[in-house]
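These are the structures, in structure tokens.
Next, two complexes with chain A in common: one pairs it with chain B, the other with chain C.
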Partner chain A sequence: MSVADSTVAGRAVIELDHVSRAFKVPGGTITAVDGVSLAIGAGEALCIVGESGCGKTTTGRMLAGILHPTSGRLLYEGEDVWRKKGNELSTFRRAVQLVHQDPYASLNPTRTIFQTLSAPLYRHKKAKGNRDATNRVRHLLDVVGLTPPDDFLGKYPHQLSGGQRQRVAIARALTVDPRVIVADEAVSMVDVSIRISLLNLLLGLRSEMGVSIVLITHDLAVARYFAREGRIGVMYLGRMVELGHSEALVSDPAHPYSAALIAAIPEADPRITRSKERVALKTAEVPSLLALPPGCTFHPRCPLAEPGLCDVQIPELLPLPADTPREVACHVAIRERRPAAELLA
Partner chain B sequence: MTAAAIPRRGDRTLPGPIEGGLEFLRLLSRRPSGLVGFAGIVFFLVLAFVAPIFVPNQESGDVNAIYQTPSAQHFLGTDNTGRDVLNQIVQGGKEIIGVALITAFLTTLVATVLGSVSALVGGRFDAALVGLADILLTVPPLIVLIVISALARPTNFLALALVLSLLGWAGLMRQVRAQVLTLKERDYVEAAKSLDLGLTHIVFREILPNMRSYIVIHFVLAMTGAIYAQVALIILGLVPFSGKNWALMLYFAQTQGAFYFRDAFWFVFSPIFAIILLQLSLVLFVNAMEDIFNPRLRSS
Partner chain C sequence: MTPILSVRDLSIDYRTRRGPVHAVRDVSFDIEKGETVAIIGESGSGKTTLAVSFIRLSPRSARITKGQILYTNDRETVDIQTLPDDELRQYRWSECAMVFQAALNSFNPVINIWEQFADTARAHGMKDSAKIHARAQELLDLVHLDPDRILKAYPHELSGGMKQRVLIALSLLLEPQLIILDEPTTALDILTQRSIIDLLGQLRKKLGFSLIFISHDLSIAAELADRMITMYAGTIVERASVTDLFYRPRHPYSVGLLRAVPRVSGAMGSVASIPGSPPDLIRLPSGCTYVPRCPLAIAACAEREPDLVPVDTPNHEARCIRWKTVAEQVGTAEVAVAEKIATA
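Entry: the complex of A and B
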């Protein structure tokens, strides 16, 4: 179990413990992430969803150890990462790999696929000599579905399609045998037709190699597909508002914001989409990050908001009594002991 | 899978010298003007550094044969002391091109190192270097060169190259710094950090290869700048050189009043044409550089 996230099953590999991250911008300070706690279990598939500006990317970058949190701790195997030095820090660095959103920017245009993939193998002594490295690179390309691998070794990134590049980026992450891969919108810039195959590739890595995958996305449909056996965390304006098993979260959202998001997913059948009941938000406008509303940041839009409670007190992420472990940050849902979906109906 | 498919060092990881050379010529031939420039540069390098080995230096002149027009004996005529002009052209390129090469090498090296370090270190160090570069960029270079030369009196070509390098690095340093500042934020650099590939790898394998065209183009442009600057300094008589040198030929032509003899045309214009053709070759070559370093145009 973990320190701050009660919804994770088993032992946590990496964990965010009440981390916040602020950025100085002209005109003030933006708190991109505010007191988020999240644990990633071994071999888990977890999705972080939210609209742009909700802090999901910042959270992912802090998970990967690329961004230093302003406050809070990042734990790897229960130890504070930012107190580590030298070898231990680089062990953590390699254990968590990031797959970037833009496959056109994440590969060095001057390096061939073989050069890109062999450099970490040589550096970390996972390959001896050219022949060994070539065989390992071939194997990696095979794993990520770039076959026949020999066709790709000497190619430059510009000779590949977006989906192929994203596969190379995943193969590059695999060179260091990571325990967690953080995929930041990794499928949102590739064609819809190959999105599913990339998601399946990531899920396959999870089941075959035991790698935990954290997928960050704005697309709830992608999250529902990807995390069908795992958890989904919903973020809104820097805070985690709901965290739990995706099945429960999708069928019975506990936070009014998640309820609104799920109600807005279009279905393939337009008749269902038209007849679906929407959650009527008070306003469609998202507050500025520079002037966050007091109390629950969702209260100006929330149909359940109660004056004197929601606009004053910041709700904590608390377990909502249910069959599956899940947490929600909503005063009303916690008090009524019922998910918001039921309260709104 | 056949054994032939195993990549050798030659064709996959690093191109060997022969493959690299052929690739270079293939890319260069995409622009005929670049090929012409390259041929010009090869011609002048051979003229300046190889030809003098076979052509003996002619020291003494012949007072009976001053300011001669081209003939079978003197292809480019003779000078004010009756020495062969072609002989001086052959002997006189070494110093000009040598100083240009040394100056370009020094300015490029200094600019690349300072620009990269400045961008990576940041803070006060960065601010100080940028300030210094800005000051150097605002002063008129020729005037400063004249003052420095007058004070330092560089008497050999290495000293002259050092003087020319003093002012030349600022422009490229700012360009390299700007490039490194954007390149170090790229996703692939972040990935390299998280793969723990080390700073040396990040600088020399991820960042610098993306600036190769900048650096090489600047190297060649620094050569052209160094050629003009040294010619100006020598013609003005600020660099007391002895020996044979295209700029020195012009200095003597000017001081000995060769401009007033119609038959001295060949003596005066030969070094001028040599300098112009060399500069033209360099500029044409530089224009083709962009193609050579673009990985998109490389065959694989």
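Entry: the complex of A and C
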């Protein structure tokens, strides 16, 4: 069946198991990510979406093993990564690569493209000698579409466009033959055509090399395109509120927050966008992470919220019986056994 | 009726060490009173260069090599380039206001929002603090912000969406007839972006100003624009009503841009990027500048740059000798281009 079905826990490549992450900030402690569980299957394309500050990047950094969770476990092939040592830990580090949100910040400006890409090859003993390294770097540049490769070997980051720099960052992730790439899409990447070509590059890596890709984006249309054969996870204030097959999630969102997001998105189609039904929220105010509402954190804005239930109990992410498998953290949708989109209509 | 803004054969170069960058070339268009026009095109296509010339705020290295920018209000028509300095100051803000690209970071960080309003007002001869205050309150109300709280706040205390609204309120301070927004919602969240779009729609209805907005985001154009202008390599390659551009584009570059935008509703269709990159604006090729990337290019396309010619209707123009072939591929139905191409 579909890629999504290959993600049963046993066959997951990496998995977050009830992971939380707190940060000390002026004024107290915030829980940037709260009890998120997520299993990434081999060759899966999965998107994490949500508004600014909802914890997408923090989740991505924990998936890539760059940030230690405050509680919960990160599993690689079923084993707890943070209990691994030495060799095993470095195997994991190679297997999961994070492609940074901002290629301006992540590429060393004093190094040529060749130096940037050959260093990890030497470090991980994937290249012997200059000749071998050059050939491998040429091949990687070819894979990411920076052709002819010889034009790029001696260039510095400032001599490249934003899109080309992103490609170098992807090539650098590929130097170590990863099994999973976590790509954090820069909000500043505005040029539509460049965006799509980068997404297509990542999708190509997935189908040709079987790499799993987790794309972090704020754009649901991009998520739908990217994960059209996979899943989308929607986050709100640190929690995963919906996780499901992308077409089902987009056409019939199960969580009222996903429904509100989808209804709010302008569409590149005048007729559709001017006649779209909106979901009216009770307030536009987003609660502070320092003073989260009790129960479901969406309840103060939610048109479906029920007093005595939603403002008391934290909803768990539970399967919603439907044709396509999906999970939702909403008391009302679960009780009614129907997606929020239908309850709001 | 005389258009509020009339741009005629405008060309703008930047001086650089390698030679002049031809950032805007032979651009002509009119904006009618109360109309919203969206300018779209890739990064570097000259959108910002064009827009800042309307308020004569181009950088020093920029030079208008040709053409005119005429602005008309109830009283007179003025040529922006020859406007004396004192009249220019009057024209900016009170006739035409611009919210700049990346303006979210352009607030002075050490003065609060009230002082930002007061400074702008005083620079335009409003002296009465009480009047300025009343006006600022009225405008913040209009953009759905709490005036008492916001006026006392410093820029860093506001979210991106709040800052964007303050900037829109500020641009309305002197009741301009023409507002230019450069990337008004880039880097804003979906729900915030939605509220800004709705706000712009409401304000436009209520106040009747003309609006030019520049955006990479075609979906905002689809929602707000009356007419569309597609720019490529410094020049207009297509000009059409919003429905014609989205459903019946006639320039292959517009088709390419439309196919690069995935949608949330309806069929996905064939989403694709445009191969290659825009030409070097210092050494422009002799023929159509889109030839190296164009799937429909033929030998004749490289001979000379085509003129902007009427297609389908007199109000729809494209700079392409192959527009009839585009028309055959895209047809006339009111369906998104990506979908039509997928089913073609």
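The rule is simple: the second predicted complex is superposed on the first by the 331 of 345 C-alpha atoms of A that agree within 3 Å, B and C clash if a C-alpha of one lies under 4 Å from a C-alpha of the other, contacts with A are read in each partner's own complex, and residues count from 1 in each chain.
Just so it is clear, a contact is a pair of C-beta atoms (placed from the backbone, for glycine too) under 8 Å apart; a residue touches a chain by one contact, two chains touch by 3 or more.
Source: prediction; values computed, not measured.
Student: One more residue to check, A:L290. First (chain B), second (chain C), both or neither?
Tutor: neither
Student: For A:P270 in the superposed arrangement: first (chain B), second (chain C), both or neither?
Tutor: second
Student: Is A:V312 touching anything from chain B or chain C once the two structures are fitted on A? First, second, both or neither.
Tutor: A:V312: touches no partner chain.
Student: Which holds for A:V25: it touches chain B only (first), chain C only (second), both, or neither?
Tutor: So A:V25 meets neither chain B nor chain C here.
Student: In the complex formed with chain A, which residues of chain C make contact?
Tutor: 42-43, 160, 183, 186-187, 189-195, 197, 216-223, 242-243, 246-247, 256-258, 260-266, 268, 271-274, 277, 334, 336
Student: Which of the residues in chain A end up touching chain C in this complex?
Tutor: Touch residues, chain A against chain C: 51-52, 161-162, 187-188, 190-197, 200, 218-222, 224-225, 228, 250, 260-262, 264-274, 276, 278, 281, 284.
Student: Once bound in the complex, which stretches of chain A touch chain B?
Tutor: The contact residues of chain A facing chain B are 64-66, 90, 93-94, 96-98, 100, 102, 105-112, 114-115, 118-120, 123-124, 130-131, 134, 150, 153-156, 158-159, 169, 172-173, 175-176.
Student: Could you please specify the touching residues of chain B with respect to chain A in the complex?
Tutor: Going through chain B, the ones touching chain A are 1, 5-9, 11-13, 186-188, 190-198, 201, 205-206, 209-210, 212, 295-296, 298, 300.
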